[in-house]
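What follows is a set of notes on a single structure, which appears directly below.
To keep things simple, chains are lettered A, B and C as they appear, and every chain counts its residues starting from 1.
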Amino acid sequence: MQTIAAANKSIKSAQLRVTRRSPAYWRVTFDNPPINVMGPEMVRQFQEVINTLEADEHVKVVVFDSAVDNYFLNHSDFMAKLEDLTSMPAGPTGLPPWPDFLVRLTRLPVVSIALIRGRATGNGSEITLACDMSFASREKAILSQWEVGVGMVPGGGPMARLPQLIGRNRALEVGQSGHDIRGDQAEAYGYVNRALPDAELDAFVDALATRISGFDKWAIATTKRLVNTSLPPDVELGAGWDACIASLGRPAAQDSIKALIARGFHKPGDVENRLGYYVGQLGA
Amino acid sequence: MQTIAAANKSIKSAQLRVTRRSPAYWRVTFDNPPINVMGPEMVRQFQEVINTLEADEHVKVVVFDSAVDNYFLNHSDFMAKLEDLTSMPAGPTGLPPWPDFLVRLTRLPVVSIALIRGRATGNGSEITLACDMSFASREKAILSQWEVGVGMVPGGGPMARLPQLIGRNRALEVGQSGHDIRGDQAEAYGYVNRALPDAELDAFVDALATRISGFDKWAIATTKRLVNTSLPPDVELGAGWDACIASLGRPAAQDSIKALIARGFHKPGDVENRLGYYVGQLGA
Amino acid sequence: MQTIAAANKSIKSAQLRVTRRSPAYWRVTFDNPPINVMGPEMVRQFQEVINTLEADEHVKVVVFDSAVDNYFLNHSDFMAKLEDLTSMPAGPTGLPPWPDFLVRLTRLPVVSIALIRGRATGNGSEITLACDMSFASREKAILSQWEVGVGMVPGGGPMARLPQLIGRNRALEVGQSGHDIRGDQAEAYGYVNRALPDAELDAFVDALATRISGFDKWAIATTKRLVNTSLPPDVELGAGWDACIASLGRPAAQDSIKALIARGFHKPGDVENRLGYYVGQLGA
């Protein structure tokens, strides 16, 4: 195994680690302890990752997983300067870097799989929805789009993707309630492909990825391209991103996030563990 | 609490009762005993309700429920004069009043929730499909689109909405079989968000509505607007309505409805309780 | 009961048997033992069947089932000459005969039901997805799109239809893994309407078909026409077919199919019984 980080100074303290289990089967591991938030630096590294994946002729399957206990990929980093994010140049799709990454991931001629253990809130849910498949720990996965609960709008496309995946009614429940969704419920709704017992999850995903890595890349890519007629237009991702950034400038979001931080948000502890519950207490 | 009816003579004997639990959280209660059919007067009151909801700046969530035992919202009133319905002016969308109401409900910058206890047949299913979310009594909810079973075509958009929600195969099963669908099956198909034990249903919906009523209206409305790109075009609702009215003029529907009434349809009793069964006996 | 075959020399040794249980309720039975593969002759007979169904004024419901133990409808006949298939004239939709049949089946003013017992791989899955409804044996049904596992692309539209039915994530799992999907899993994913205990399947489907055959044909057809706005464009089926034929000309597919035949594929036995497993061994 070899990591890109080792060969690339600029991501020496990589928040994303790319590991080649074989030329055809890669892993991208989220590693920004203690709670795997996504700030501007991680967004930049997502751009590097997708550039690398697009340029490689051999990769057929990529698994996204986490090195941080209890967190798959979490909400944005509210301690970072917003300008560091909004000043980043658009990606090749013309979209800002995060929606650009998500759109390119859906179009990549490579099978992408989310292996979800721990909290997948906001960005973690959005990358799940951009992956081709997702498998969640029955005991340890939590998915959510919590944004409306703090006066925000999600920025990575769940409004565009969830109705097609789980129906408008459940998509609106996820988005308007901001509730934490456990593995079983996520499976019942079709939010993830399947929820598996935590002890079986790694072996299941590894076997599936290994299996697919033995298939023909042209057949994989051609089949996926034909499935992709069902993708929402890119502009919908752009509209969601713009609404998200606009929401961050409003007092409703500023006040809610401040109040949540005062209660212990943004560091390991009960607020992060039961974010759905605490979001519901803000307006009470 | 205050009801619109109290302040509005014209709906003194209101078939729809609007109750403000708070400025942000409203209830609309169907109350046309004994079997909650929908006739022209109720359609007119639905127009008033949606006008009121659209005009209010404070409402964030509206729950639709029933005051009539065993009936959420039922099929149309076949004792009413069809002309009283077809002569009503089109609504602001250009559609006749019932599809106009349903389309505007889906676009309303307010979260709408159906609390389903008892029969939700025809119109009751259609308003469920136009709501943002729906929660059904596991023991007491029955959903159905029974129309094809009596030679009719549904007029409130299930052909446009159900395939996106539960897949074309299950949408056609619902629509072409005319079967009664119990709470468990409705949940398994994704026809409703969830089925809950009857004893827990009211508290669950109330907690969810109360929670959402504490969130920011701009964030709710903006998120919903972005989800709404997945709505079917209004013209599909119009086409369904036209087909429904056309079907009512055909002998197949006239004869079937007459035969069903002869067996006890349109009043409390076994035919209404087991409508799916009796519809299947007509052609036998 | 009367069969078309009896009155039609050209399909004397019919691989498809059409039986009229009543003028309104027909059965089409796949009967190409020992493993119900689909070759050019069966494709030709599918064209005859759809022509007959379209021309008949009385038929309201058609059930597709199998006369061959353990096989509903299987992958293509790799012993047949490809030219016999590719030289067939396009159907009325302008598409080659197999996608032409599938598209016309979805548009037929008749309810179509797949009764699935045994393997429904490739073509068997594709006809299931083109039917209005499908009911599977819990113990004996196996659905799969195995093509990518042998370097092929499916030719009958699953890329166009599955994402709408079961979501993009599960559609890609089905298509990119090539796994065998059992009845329970197919039901949980919404790939079929329901899985039923094998002992109850025939009676359930017969009762449903008999029920619908008593309904009004105009109401059935009009309702279905309005549901059909959700169908993917025909050109997507054409694009899938073209990709399938192209894939067959590539060494990846030629070599894989040859290797699989060497292990016992294409005749009754363990490779056909556990095709998903054996496909996964090819690249290992």
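Note that a contact is a pair of C-beta atoms (placed from the backbone, for glycine too) under 8 Å apart; a residue touches a chain by one contact, two chains touch by 3 or more.
Remember, predicted model here, so these are calculated numbers, not experimental data.
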Fitting subunit A to subunit C on CA atoms, where both chains share a sequence, rotation angle to nearest 5 degrees: 120
Same or different residue numbers at the subunit B/subunit C copy interface, by half rule: different
Subunit B-subunit C separation of Cα centroids, rounded to whole Å: 36
Junction residues of subunit B - those touching two or more other chains: 164, 166, 190
Residues of subunit A that touch subunit B when the two form their complex: 147-149, 151-154, 159-160, 162-164, 166-173, 175-178, 189-190, 232, 236, 239-240, 243, 247, 250, 252-253, 256, 280, 282-284
Of all residues in subunit C, those that touch subunit B in their complex: 111, 131-134, 164-166, 190, 192-193, 208, 211-216, 218-220, 222-224, 226-227, 229-231
